[in-house]
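For reference, chains read A, B, C and D in written order, and residue numbers begin at 1 within each chain.
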Amino acid sequence: MDFKLLGLKAGIEIHQQLDTKEKLFCRCPTQLRNVDERSKEIQRYLRATVSEMGTIDRAAEEEMKQMRLFRYYAYDTTCLVENDDEPPTPMNEEALEIALTIAKLLSMSPINQVHIMRKMVIDGSNTSGFQRTALIAMNGIIGDTCRIESLCLEEEAAQRVTDETFSLDRLGIPLVEITTAPCMHTPEEVKEVAGYIGMILRSTGRVKRGLGTIRQDVNISIREGARIEIKGVQELDLIPEVVSREVQRQVNLLAIRDELISRGAKVPDEGLDVTDLFRETKSKVLRKSPCIIAATLKGFGGIIGREIQPGRRLGSEMSDYAKKCGVGGIFHTDELPAYGVTEEEVHALRERSAAGDGDCVVIVSGTREQAICAIRQVFKRATMAFEGVPEETRKMLPEGSSAYMRPLPGAARMYPETDVLPIGITTEMMEEITLPELLTERAARFTEELGIDEALARQIAYSDRLPLFERAVEAGIKPSLAARTLLSTMRELSRDGVDCSGIPDDTILDLLSRVAEGTVVKEGLPDILRTLAGGAALDAAVTSVGPTFSVTDLEEIVERVVQERGDFIRERGKAALGPVMGVVMKEVRGRIDGQIVADVLKRSIEKVL
Amino acid sequence: MITGDLVKCSLKGEIIEGVYITERDGMAVIKLGSGYNIGIPPSQVEYIEKSEQIPIAETTVIQNQALPELAIISTGGTIASSVDYRTGAVTSRSNADEIIRAIPRLATIGRFRTRQPFTILSENMKPSMWVDLARTIHDEIEEGAAGVIVTHGTDTMAYSASAVSFMLDTPVPVIFVGSQRSADRPSSDNAMNALCSAAVASADLGEVGVCMHGTVNDDYCAVHRATRVRKMHTSRRDAFQSIGASPIATISYPELEISTGADAIRRSSRELALFDRMEERCGLLSFYPGMDPAILEFYSSYRGLVIAGTGLGHISTMLMDGIRECISNGTTIIMTSQCLHGRVCDRVYDTGRDLLAAGVIEGEDMLPETALVKLMWVLGQTDDQEEISRMMKENLKGEIQRRSAYGL
Amino acid sequence: MITGDLVKCSLKGEIIEGVYITERDGMAVIKLGSGYNIGIPPSQVEYIEKSEQIPIAETTVIQNQALPELAIISTGGTIASSVDYRTGAVTSRSNADEIIRAIPRLATIGRFRTRQPFTILSENMKPSMWVDLARTIHDEIEEGAAGVIVTHGTDTMAYSASAVSFMLDTPVPVIFVGSQRSADRPSSDNAMNALCSAAVASADLGEVGVCMHGTVNDDYCAVHRATRVRKMHTSRRDAFQSIGASPIATISYPELEISTGADAIRRSSRELALFDRMEERCGLLSFYPGMDPAILEFYSSYRGLVIAGTGLGHISTMLMDGIRECISNGTTIIMTSQCLHGRVCDRVYDTGRDLLAAGVIEGEDMLPETALVKLMWVLGQTDDQEEISRMMKENLKGEIQRRSAYGL
Amino acid sequence: MDFKLLGLKAGIEIHQQLDTKEKLFCRCPTQLRNVDERSKEIQRYLRATVSEMGTIDRAAEEEMKQMRLFRYYAYDTTCLVENDDEPPTPMNEEALEIALTIAKLLSMSPINQVHIMRKMVIDGSNTSGFQRTALIAMNGIIGDTCRIESLCLEEEAAQRVTDETFSLDRLGIPLVEITTAPCMHTPEEVKEVAGYIGMILRSTGRVKRGLGTIRQDVNISIREGARIEIKGVQELDLIPEVVSREVQRQVNLLAIRDELISRGAKVPDEGLDVTDLFRETKSKVLRKSPCIIAATLKGFGGIIGREIQPGRRLGSEMSDYAKKCGVGGIFHTDELPAYGVTEEEVHALRERSAAGDGDCVVIVSGTREQAICAIRQVFKRATMAFEGVPEETRKMLPEGSSAYMRPLPGAARMYPETDVLPIGITTEMMEEITLPELLTERAARFTEELGIDEALARQIAYSDRLPLFERAVEAGIKPSLAARTLLSTMRELSRDGVDCSGIPDDTILDLLSRVAEGTVVKEGLPDILRTLAGGAALDAAVTSVGPTFSVTDLEEIVERVVQERGDFIRERGKAALGPVMGVVMKEVRGRIDGQIVADVLKRSIEKVL
């Protein structure tokens, strides 16, 4: 695809959790918990509130189609603020300072007086029904052509455990949201910008690392298309695929639009109860359903079943809309007979619905209330098809396609957080911020000062273990040993399914120091790390891998081996070193440095010769 | 510039459009298109034009004439308030249509008419307003309301409910309701509390109660007897607690099924009557170690004083002279306990016996706040010292329990 | 006639012998041979002779020198009192032998020495006595006590414990203990409370606590942090409750096994230090609707005033001028809540924001009584307004909790 | 036995519960509850407190030998006062007024200023560890020779459910305790006085009736004997037996005293651990016992096993004392071999204990602590045997013998109740009391005014149903019908195992009124009452016994029977009345008055003749 020709415009929003001591609007630690550790539960309903304009935000309204009881897990590390049972504290100053640091790194202009807002979110992920967020800075620059529109400081939402159950440990962790202008024009460009911003964030050394701590949302539109926000793109490498699939989707939707218009397609006003048609069907879902409603979409024949993105059809979009009413999805004649629905039943359905050849009949099933709600949603989405691409918030599916979540939220869902006073940002505050060394600069410095090659230096600078690497170097450990252990060794172990992330930094530092002191040989590191990852203490791990092995111990073995193979050595001379070395290493591998073995063996062979 | 004006402002050269909201701490607050508010120096803001006034779309409210007629009397508080999404200003919903539009399910419980004798923050409530409120409620019942709902700020709701309880003999439920979390938030307790209060206002009850969340969950509301309830938490939804007594009813949510306690007073048990004189010159004094006896001089011209003493109802002997002086000046003094739970008994220790000898009246197990309200009311009814003493010791509206049940 | 005289009295002609006890309300109180007391007109009583004084048989008390040395500081209260079975008069046991004789099992826990800085009913406690008490405790710890037990009347025990907590940095447990039921009755909680307090006084703890029954059963005692405890019932054994916090320890009975909370401060965590200046000109004012603003004039000469406001920490706007006046006169004003549970937050409503603007300091989740004691102490330490404000907002001795845990 | 010769002096204490609305020192109803209805439990220890004299009351000390945890059942009809968690209220004025009424009936002098005392009781029956009691009046007269010493108003103790468990419903019910002087000299006299006082109490109409509401304690001593208080004599008729058995006990104990002295018997200082002797015994109790202690009582041979009262030996007394230590009882050689202990074991025991022929060896078993405590108790009681009769509080056993409970309490256990202010009793208060008609006077009045015979009148006057009888008479029901129904009919039903006590007074009154109105016939009363006792409602009971039966109904039956037996009647003439009446009655018994049947039948026969 020629993205420039299609008029691709893409922007990204990056959400990055900050590594503060306390949460953004309470004093709880920013610590994630295992749900088994929960100490209490609370249960609440949420209801959209009507704005002064007499309207309910369309995103909120969408979530309200069912009255849902949300359940929240509370911990001894959460408090009444997460429970929405106590007013928030003033905004965490540490978080604000980190946000301002990032803003400064991005050359943004801070807002003189920061106002904390409530963004209405009633999907249950916020006990209050809103997320607190504040615009901190605007107008940053990235690269030559791209602009950062805004940097907001927000509270993280609660983690969803199951459908209606959330865990309160994550709620309230500070988050910066960095939004770029739609200034990218190719999928690759999007990935680059995202990577660069990520590097900036990690350069502060004060952001959370690890799974789920950074999330990218991508905004995409093409000419004649519409702005689509795709949420939850966690891996940088997937970004280009997501972008190009969305472009593809918009292109296809625009084609469908044109075709519908040219066909004179029509969306009906009402559905038709066809429950009786499926009394005896082999489709379990339909047979058990208290109510089945059908509707004929004139001129939609073949279009609803048309693929618009790998694995996604126009029908999938309609299905997503219908699901908001609590139904499982929709059936339509573009895909029937199937799922236990027979040819005869389809025929009866088409007949009853007075559907012509170019028409498509959609059916929905559930309680009467659900079915009516669902068919209306189908009509709504079908109507939108005449417009082309509806503005939507979508969620990324595993392979890079996306599904509908809710309409793009409007400004109506944003109103002031009256419980928190505004904060003035002064020029002095900004001036006092010392900027951290960027990771790119740091990588260059590693190459220069520590003599590590560029690729490894970059890896180290970007790695989660960077602080540990710097501590190790400071403690006098050879940079190459530290870098290799923290990167290659651990990555290799990880490929073997050994997760070293749980090993405390202090333990690793201690282990590396022992290698430096010679009490542990570096060849033993993989096995020791493997044991540590299994939960062992350092001393135990070191011992289990093999007793410490002195040069004297080695000399004994070498002497024995050399004596046993005296003839061979005398026969081969110095060339015997290689083969004999293999024999010795078989016994001592992982317990002593190979270089030492070579030295000792060499001397021993020389004595024999 | 006035609220709503379209403006443009420059931020480091970049021009941004927005809506002018207000000025705060020297900054102009502008709402951007994204919905965010920012505060920037007024000098950077430039007027463009008046904003378009979008008329508020209001759905028509039709009330079901077959349902019982309930009166909603609003006095302020967050329960029926709504927020201006642009300015954050909170306004009060006070007419029936507005309330039903905010909480549509109400229309399935009753048909509503509304009165608004005043709108205040509940911390500004005064005894004279209690009288206005009691009269308004009385009028509504007289005009046929099957139940009365009083929306009230939670801060002093227990005081007001208690005052109405003494002033009014009611044959129908008079239910005070508030909310602990503002009505503008999706998690507000206002809708559930309002629905439960409407359900109980049409139920078989004939007394004054306070209807609020029973737990921190949205599972049920409790109706507390007005004279036994106290706000026991600054912010939790279940802040209101019956002290030394069980709630008189609970209402499950969302089912709105009512379960009434054995000692609840039933509908039509009492004839409607209003006794609306309150003596305002009454005070409540919480004793603490080191309290200056001179404080009693302040109260010596008062007609009544409730003391929240320590333990079983004690104060320092340093205060005894002042107490005697007050009593000889005609001040009625009631002893309650700052423990809140349990009964005053001034017969156990010497300090207490001295208080009794001086003429202090034991407040039994009355809450100090309830004792204050009751004293204002009793002194409004009679000047006779013996009658005052008798009435203060007698259980009139559930404020005194003759027995201290175990397990409450 | 004096107490103990043998007398005879005639009751409708019948002559009865007895022992003269006292005079009460004009009657002579005579103890009959059956043990019953009766009151009869003095004219009917005739002196016979002095009664024989039976010397009190006292068993010798031997203390085990291998056990930790614990100091018992008695200030009065019912915990260590004994009753004169003839007159009913209550006297205080204050020396170690007497206490061990009353509760022999104590001798298996520690060896005891005793101090009695004063003996009062706890309602007569004054800040100056807190200072004496803190000094006495300090001296005992300095002289090597492994733990200190303070016997105290329950009425103001929480205030005293809180005051000592601020004045004293202690490396050892300082345990306040009292009893809710008088020591003369077989069901008294004194023995169990005393044994538990002795057990915890020798345990791994290094702060000031209040040790009382954890439930109405004789099953365990709870040790409450001095700054978070409040007497919440006039008469129940489990009257003392930690508010918004868990007890720092529990002691099972009769096993005396100690279970210490995660956030308890351990023995030797702090160096012994005494900061024994208290500013007495501080007051505590509980707001109520209709409160006369003139009351603030009384406090305008005070150095400090704690207000127990409504809800999140509000008072009527009628009082705002008085508040501003007090503050401009140099009175430090702390806002707490009469709800007792939960945190003050004056940023949510206008009234609160006005209070903050006037210079009122939010008392976070401090109990009003603790805030008063702390204010007295803080004003005793510094005159600097910023320092006062900083100290009042900072958690010094567990009186403020930065987080409001759910489930307490 | 010649009781006068033996110097019998007996007095009685009568404890009568008052029928007040509320309890004596709190405002709970005086209502007994089923333990299943309990709502809460509390658990407490009690400990004897030392008096100012440095002594613990001996009765209290006895109870303290074990640290016992008492459990109390609380109800929704009890409160914190019963829990000993709230100070008492002032004394119940209603109870005081009843007590003063009784005092006035007994011509007693009221105390000018009543002081409420605490009587220490630590057997668990009082949560506070004491019973509140007040001396209200003194010096009454009963009959010609007997004096009432005192009338006290007390609170009832909690009811024991099991060993250490008590029910709080009864605690605090007001009780008058009337104590006579020891002015009775024969067992019969004791019964008479008790009966008379009971009559006085019931005359007030304000005392509780029914099982357990009145209890007699009897004080008995003979010359050289000692004052013994026997508690819990509930039936008046048993009093003479109890008294004479106690006299017998004292006579025998005095004889034992003389014999021990003449034998030069001796109580040892210490016991001997003989646990090893019973390692293999067949006595399960002994074999399982961790510790067995033996002691030789020199010169006690044959005496410990001697019967001193039917079913009671000196050994029983020792056993009672030992049980205070938590052991099950004692064994002694006067009764061994027995209980699985063999001849050989007894021999070994005597040998080990160096017991001579005239000696008796006592063994106790339990934990070491229990056994030591128990053997000391045995020594204590054995030593007392040299003094003759120890002063004791004893409890009555079912047949009239008694067992040791505790020493007689001393005055040390009585001290002022400081929580309740003294109450002045003025002359005016006494004058205002209107005395009730005595039951004896009432019986006489019934005979005189209502024409009921003396025996029935007395029965009615004394019966629990007296108030109902008076209401019935007032309602116009024939006194004889009322009296017969309430006494004879109900007593006969009771013999058949039908308990009418649960039938409400109002129901019975309604039933009697129907009889008076003729809608129910009195012959139907037993069956109707039986049905009512089973829980039926009145209308149902009346219907179930048979439909209401009018005279017209009767006449039909009579006519039919007479026609059928026309020949017989004509043959016999008027003499046929009896046999034919039998035939009719078979059909109508219980449904219509026999007199009416006779009248109708007579007329019908006359018509035939």
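Keep in mind that, in the parts below, a contact is a pair of C-beta atoms (placed from the backbone, for glycine too) under 8 Å apart; a residue touches a chain by one contact, two chains touch by 3 or more.
Predicted model, so just to flag it, every value in this text is computed and none were measured.
**Student:** Of the pairs A-C and A-B, which shows more C-beta pairs in contact?
**Tutor:** Counting C-beta pairs in contact for A-C and A-B gives the edge to A-B.
**Student:** State, to the nearest whole Å, the distance from the C-alpha centre of subunit B to the C-alpha centre of subunit C.
**Tutor:** 33
**Student:** For subunit A versus subunit C, what separation do you get between their C-alpha means, in angstrom?
**Tutor:** 56
**Student:** When the centre of a chain is set as the mean of its C-alpha atoms, what distance in Å lies between subunit C and subunit D?
**Tutor:** 47
**Student:** Of all residues in subunit A, which are in touch with two or more distinct other chains?
**Tutor:** 42, 80, 83, 85-87, 418
**Student:** Residue numbers in subunit B touching 2 or more other chains?
**Tutor:** 216, 234-236, 312, 342-343, 345, 406
**Student:** If each chain is a node and each touching pair an edge, is that a line, ring, star, complete or other?
**Tutor:** other
**Student:** State the interface residues of subunit B toward subunit C in the complex, per the touch definition above.
**Tutor:** Going through subunit B, the ones touching subunit C are 121-127, 130, 154-156, 159-160, 216, 231-236, 239, 280, 282-292, 294-295, 298, 308-318, 337-345, 349-351, 368-369, 372, 376, 406.
**Student:** Inside the complex, what are the residues of subunit D that reach subunit B?
**Tutor:** Residue positions touching the partner: 26-28, 39-40, 42, 74, 76, 78-81, 83, 85-87, 90, 418-421.
**Student:** Help me check something: in the complex, which residues belonging to subunit C touch subunit D?
**Tutor:** 11-12, 14, 16, 24-25, 27, 29, 31-41, 54, 56-58, 82-88, 90, 101-102, 180-188, 191-192, 216-219, 234-237, 254
**Student:** For the complex, give me every residue of subunit C touching subunit A.
**Tutor:** For this pair, the touching residues of subunit C are 312, 342-343, 345, 347-348, 353, 402-407.
**Student:** Please name which positions on subunit A make contact with subunit B in the complex.
**Tutor:** Residue list for subunit A touching subunit B: 42-55, 60, 67, 69, 80, 83-87, 109, 111-115, 117-120, 122, 127-130, 133-135, 138-139, 150, 152, 410-416, 418, 422, 424.
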